[in-house]
Structures are given as structure tokens and as C-alpha cells.
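Below: a set of structures, written as C-alpha cells.
Both complexes shown next keep chain A, but they swap its partner, so chain B is in the first and chain C is in the second.
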Partner chain A sequence: MSTGTKHPILIVDDEPDVLFSLKGLLRHDFELYTAESGEQALEILRQHTIHVIMTDQRMPGMTGAQLVRQARTLYPDAVLIVFTGYADIKAVIEAINTGGLYRYITKPWDPDELIDVLQHAAKRYDEHAARVRFAHDAKSFANDVVQHVEAGDLNGDDAAAVKPLVDRGRLLASQADPFL
Partner chain B sequence: MKVLLAEDSLTMRQLLVSQLGRWNYEITEVEDGAQAWEKFQESHFSLVLTDWMMPNIDGLDLIRRIRASDHVEYVYIVLLTSKSDKADLVEAMDAGADDFLAKPCNPNELRVRLRAGERIIELEHTLIRKNKQLMAAQAALVQSEKLAGVGQLAAGMAHEINNPVAFVSNNLAVLQRDVQSLMKLLDQYVTCLPVVEREDKHLANQLKTTEAECDLPWLKENLPQLFRSSLDGLTRVRGIVGNLRDFAHLDQASTDKMDVVAALESTLEILAPDLRARQLTVRTDFGDSLIIHCQPASLKQVFHAILLNAVLASGPNGALEVAALRNDSSVCVEITDHGCGMDETTRRRLFEPFYTKRPVGSGQGLGLAVSYGVIKQHGGSIEFESTPGKGTTFRVMLPDSQRSC
Partner chain C sequence: MAEKEPVLLTILIDTRRMRWLAGGIGFDKQVFPLLASQDDDLAGYRSMEFDEQASFLRHRFCGALQRGCDRLWGLRKKAFQFVFLTDSVFPGAPDELTDRIADHLAQWMTNPPVVFFSSDAGSFDVSPVAVTRLAGDISAEFSTAFDAGLPALLEAATQTDQWEQVPLPKVQSR
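Here is the complex of A and B:
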């Protein structure tokens, strides 16, 4: 856990006992939201920013794979995980192959392994967010450079715009390393 | 072919013995019906050549006894007699004789009639063999239909069982972690006792009483173990459900690589309760990289059938030996028990479908019959050695890859 704040994660399962059990396990490490159905899950996703979604596959009504498909479109940044028993593996493989599913976890799960997987998923969210941020910063830097060059105010020894741009450029270059 | 010769006249008997000997029969000769009946009960004869008029038990009486006995295989009986009436012939064949020769008989006639008898015996052997094959095929079919049913049941149940096992395991893990924190907190509170003593003796005494009642040292020492063993128990349940699922997929019988040692070990795990109930120890001797191409689910069933038989044959506190070694391009699995062993009848009928020595309801006698079929399908072989009172060893040879045969 590198950051001070806990990642918000959403657990979806039709069995309240499973949700309660997971609350007990994960409350220290994550900011936990729970839902007993796909519909409830989508409602929570509308109201809160969620970094990781972990859902049971076999649920009455919307299945886990169906929820994953919808979440992928509506909330593309969230990292998606499916719980499954052996018999559901075909649906899960399809979800992985059509893109979007990060991992599947078998039931019963190993508690330590589960925390591990969720922490990796949260880290993945962070890395993705960092990439997006970097891309925005790089884009706005590039636009600003172009603007100044076109305005011609980078010439001359005391061009006030030069130093901040140079600083920003150096900063961005150093931030690029983790992505290379 | 073995022939039992009953003839009270010495000269006639000697003559017949020399003739039968020339025709390559294996002869057991007796002087009368009583001796013949004794010999017949000791071991099986496919051919019986008997005189009619003999002291003690006469020919017809002997024939009636043979026919009344519940021998599985057919006995071809030729009656020799100096009686020549048609009525006598009828009486003899009514009693159960297959053929009737008047003495003194033409040697060639005797030879060809005995040969006719041999043909009938051979026909019967072929029939028995084909019957066995048919029954084995039927048993395999019945078994696979049953397993298909079990498969569906198990697949459905597995999910039902996995969910509660999942959250119970998880709850225990959480409890284990949180009780540890509580213990730490408790330890810190305990250090406050001297302070409480100073401020409020009554409260301090209450605390000491409560601590004595809940036996804090016992809790600290044993609660962690309670959690550990509960978690272990659930791991075992998970393993059992997993093994059950493997067995249940027998109806799909897919081909795959299989680690023979892992298969034997998981089968032994399934039988762990039976092993414990009889306090049996298992000694293993496993070679390396015993991976073969086969139908893993079917072979696991074979191992289960043989191991279960070994367990049931063993007395309390016995030992089983399970070995698996490489043998050129095949793997040899040996399972030995030191139990009751098998008598001659059991040895003969071991792979016969529905043959079982177990009490009604505890197994229909299909395990080894199906196993035989599975091994044959893999192009392997299955043999055994057994001594009553000493034990039995099963030897299964499995080629590295399935060859049809």
C-alpha cells in the first residue's frame, strides 16, 4: 500500500454471507462497497468512483460476465475481476477474450491471495490513471510550446515564457521513464 | 484335455488307459463310482468316461450326481456298458449321459465320439468367453451411465458446496487475524491492572475473576491452533470436492497428460477415511516423471477400485504398499496388501462383472470389471498374484500413450 488513502472497490455477489465475509477480510485495506446484484452494482457505479469491481459470475438476473460487459463500456477505467466456480469457466473465458476482464478468481478463494490480487488490481488502476494524467500533461505542454512558437515569443534572452516551458519539459521527460 | 475314467474291471481299464494315452488325454483313473465322485469334487473334469456296473456308486448314480452338482462348466459324459438294450440307452441318457457306447467298443468309434465331446466342450468355452465379453461391455455401459448421473449431481453440488466453504474459510481467516489483534489489545489492557488496583480495588478484583474464568493463558495458546485446524479441515473439504469433480467427469473421458504419482496420491487422499478407520499405513515408492497420455479420469477410477479392494481386504493395523516405476516405454503400478488374499474361485472370477464378495449394498462388483476394460482400452495390462491368508499384489502396466488394441 503505497498511498495513504484506500482504494474504493465494489464487490458484487448474490449471497449476503459472502459479502459480509469479504467485508471482514478487506475492510483494513480498501474502501469497500457491496452490491447483491448487477443492477445494484450499476447504481453504485453511477454514484461513486470505483477503482476495482469484483463480481460473482453466477447470479440470478444479470450474470457477472454481463455486468463486466456493461461496466467496461460505461466505466472503462475500472479494473474488472470475476469470481467463479469451475462450472462457469466458459462464460469467464469468453469475458476475458472479448476484452476487459483483468483476472478471474476461483471459489473458494485463498484469503491472502485474494488481497494480493485486489492490491495488484488497484495498482493497475493507479498506473493507468498515471498514464492518462501524463498523456494530458504532455498534450497540454506540446500545445503550449506550439502556441508560443507560433506567437514568436520564445526568442530573445529575456523571453519570460522560456524558463517555465523548459522546466515543464524537463519534468515531463523525467516522468516518462516508468512508461518506457 | 483331462478325462476321468471310472471302470472297475482292471483289464478293461488298462486297455482304455493305453488308448486314451495314445490320443493324448490326461487321464485320472478310478475303480468305482465312489472314487470317481470324490475325484470329481476335488477338481473339474470336462470329460468323464464311466462304466455302468460298478461297486459302491454305479455309473448312472455317478452321472445323476454330476448333473445335480452346480458346476459352472459343462461335463461331457460317455457311458460305457455291456448292456445293449435300447431301453438301457434311454435310461442312461435320461440320467444325463451325453453318449452311450457298448463294450467292447471299437477304438476308433471311442476316439471319434470322445472328439465329438471335445468339440462340444470347446463350443461351451467359446460361449463362456463371449458371454464374459458381453457382460463386461454391458457393465461398462451401466457404469458409465451411472457415472453420467453422478457427474451431473456432483457438478451441481460442487457449486453449492463451494460457496459456503468459501465464506466459512474466509471468515476463519478474518477471525484468525482479528483475534490476534484482540490478543494484542488484551495484553496492553493487562498492563493497566496495577493502575486499576491503585484506583479501584473492586474493579481490579472483578477483572482478575473474569480473567481466571476465561482462562486467558489457555486461550492465547490454543485459539490460534483452533483456527489453523479449522482452516485445514476446510482445505480438505475443498480437495474432496475437487476430486469428486474429477471422478464425475468420467463420462466425458477426455484424453490428457497425467502424472501417475499425483493420481495415486489423490486417490489415496480420497481413501484416507477408510485407511484411518482400519489404521492402515501406506508405504510408497514412486519414481520420477511418470507422465503418460491417457484418459486420466478413467485411470483414476481404476486406481480407486484396486486400492479400495486392497483396503477392504486388509485387517486392522495392516500396511499397504503402492509403487510406481518406469519400465521402458511404460509405467508399472504395483499395489500390494497383506490381507486375506483370494481363493481359487475368486481368482478365476475376479474380473467378472457383478462378481463380488462384499455384502449386499456395499458394491456391485463392477469396479474391477470396468477397470479391466479401461486398461485394455489403453493398451496396457493388469495382473495379480494372491495367496489366501497372505495378501494380494496387483500389477498394472500402462503404456506412455494410448494404443488401441
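Here is the complex of A and C:
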């Protein structure tokens, strides 16, 4: 998991000058990784936690849709974006049928709008991560309550045993609203 | 978002050398040579069936537009119109391939809109270049700017050092 303030994103395109251009555009706002093929992308994903994957659809070898299918299975938390040229109907169909896509983007995109799209994608990652953390905390709390009840540890007079659980319960309740 | 200066992002299609050039035309006769592909960048379509030819060329031209938009962004400019100008129909292919490409780009791209022209002379060697619109639309204001700036852009196209060279792709995409 990235400890910096910038979201790590992976851009995949078989044309190096496109990657170079995107690096120039995005490097101030994101922690950027690039790959020139689906295989290179999967290698990067094995080594780093990536929040957003943006891939060209039309690449020799593994297409963007094929990469997205694998990434969705192996790295389900990553937000997935596919881009391709306008009116490439077959590519559109394949990308959409892949499922799990956050966005499909057409070339050419407006650079300012692309930054907005990626920032929204990163925000979606954060929201998902927060939901997952909350779910884990809630599950852990519920399990602990059950354990204590089954062990007979909880006694209204035993404040030392009860108070921590009450505090955790109140904290979770205060955090729940965004997920309802 | 700071305001950006509007330009016409113009893609010149040089079918004799199978290459494209992307440049900007401003509203004060200013032109901005941006990128030029290497010769034969577009040649891959010749070995393909018709539908694949169209798909291949659309992909190449969308890439050209993307690179052009990216370069304009760095200059604090923005494309308010896409203009394609080909010197001739695509050789080694059915005549309708050029019309198919023109129609598709004009129909699918609306923001900004596309207009697709062809040189009446079958080349860029004459001056001035008279053009015929194959597809799409252009406003009177943008058309005036295009007519005023085109001669300078075509002149710049003869000078390699004014353009950033785009390398050939390693393997032609399928």
C-alpha cells in the first residue's frame, strides 16, 4: 500500500511516445508507473500496489480488455479504465463486455479532462478502500463481542471488560453513515 | 482551469510518403508545427482487408490527434476544431476507403467537431491548395482561419526540423 500522498496509477500503451507524453501530463498529480504491454503491466502489478490502471485497448499481443480481465481477478481493488480511438466498435464491445470497467475513454481526450477522470478514479479507490476497512473493523468487532459473550466475560459490573467494546461499537456507529 | 487559446488542430495526410503531420492553426495566421510521423507510418493498411484498413487508419489518426492535443496543452492551447487534409485518396485501396474514414471521423467526433478535406490537385505541391470537403463541418470563422493559415503550415511541412518526429510503432497493431 502506498504511503505517499499521490495515488499510484499504471498507464499501459505500446507506443512509448504516448507514455512519455502522459508522464509529462500526469507526473505532478500521481505516482506514475508505465508499461508497454499487458505482460509488463502484470509484472508491475505483482511488484506494486496500484490504485488505477489505464490501458490502451489496441495493443499487439494482449489487448487492453484481456489485461483488464486478468487484473480484475488478480487485483480486484484497482480501478480499471480502457482507452481507444473513436469508433473502434469492436474494441468498445470487447472492453465493455469485460465488465468491471470504471470508464471507457476515447482518443483523443482533453488533457485537463483526463486529469479530472483519473482524480475521480483515485477517489473511487479511496471510497472502496474505506468500505473494506469499515467492513473488516465491523466484522472484527462483532466476532469479539460474540467471543466475550460465549466466554461469559461480559458482566455489566465489569467495566474493564465492557468499556473497550462499548467504545469500539460507538466508533463504528459513528463511521457507518457514509456506507448506508 | 485556466483559459486556453483556441486553435484548429490540423492533420495533414501525405499519402506519397505515407505519413501524417499534426499542427495548429491560430486565428491570427499563426501556425504551430507540432509532430510529424516517419515515412510509412500509415502504410500498414495496404496488406489488410477493407474493414481492417479503415480500423487501422482510424486508430493511427486518433493517435495523431491525441499527440496533437497533448502538445497543444503544453503550449496552453486547445483544439476547438479538428481539420484533416489529405493530399489524395489512399493509394492501393478502394476509393471509398478515404470517404469511409472521413465519414466515420466526422460522425463520431463532435467535441470538437471534425472536418475532412481533400486537395483538389492530388498533392500539396500547388499553391494555393484548393480543397474539397469530404465530410464534416466547419464554421465560417474557423474556415477563414484555416484558409489564412494553411499556406504557412504546408510550407512548414517541407522543413523537417520544425516538427517533433514520432517514431514508428514497434509492431503494427492488429
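Throughout what follows, the second predicted complex is superposed on the first by the 167 of 180 C-alpha atoms of A that agree within 3 Å, B and C clash if a C-alpha of one lies under 4 Å from a C-alpha of the other, contacts with A are read in each partner's own complex, and residues count from 1 in each chain.
Rule of thumb we're sticking to: a contact is a pair of C-beta atoms (placed from the backbone, for glycine too) under 8 Å apart; a residue touches a chain by one contact, two chains touch by 3 or more.
Note that the coordinates shown come from a computational prediction; the quantities given were computed from them, not determined experimentally.
After superposition on chain A, the partners chain B and chain C collide with one another. In the superposition on chain A, A:P108 makes contact with both chain B and chain C. In the overlay built on the shared chain, the residue A:P60 is in contact with chain C alone; chain B does not reach it. Applying the stated contact rule after C-alpha superposition, one finds that A:K90 touches chain C and leaves chain B untouched. One of chain B and chain C touches more residues of chain A, and that partner is C.
Note on the chain A alignment: of 116-124, 188-196 or 242-250, the part of chain B that runs into chain C is 242-250.
On chain A, the surface touched by chain B in one complex and the surface touched by chain C in the other have residues 15, 17-18, 21-22, 24-25, 58, 85-87, 107-109, 111-112 in common. Taken in their complex, chain A has these residues touching chain C: 14-18, 21-22, 24-25, 58-60, 84-88, 90, 106-112. For chain B in complex with chain A, the residues that touch the partner chain are 155, 158-159, 162-167, 169-171, 173-174, 178, 234, 238, 245. Residue ranges on chain A touching chain B, taken from their complex, read 15, 17-18, 20-22, 24-25, 58, 85-87, 107-109, 111-112. Residue ranges on chain C touching chain A, taken from their complex, read 1, 55, 58-59, 61-63, 65-71, 73-74, 78, 104-105, 107-109, 166-167, 169-174.
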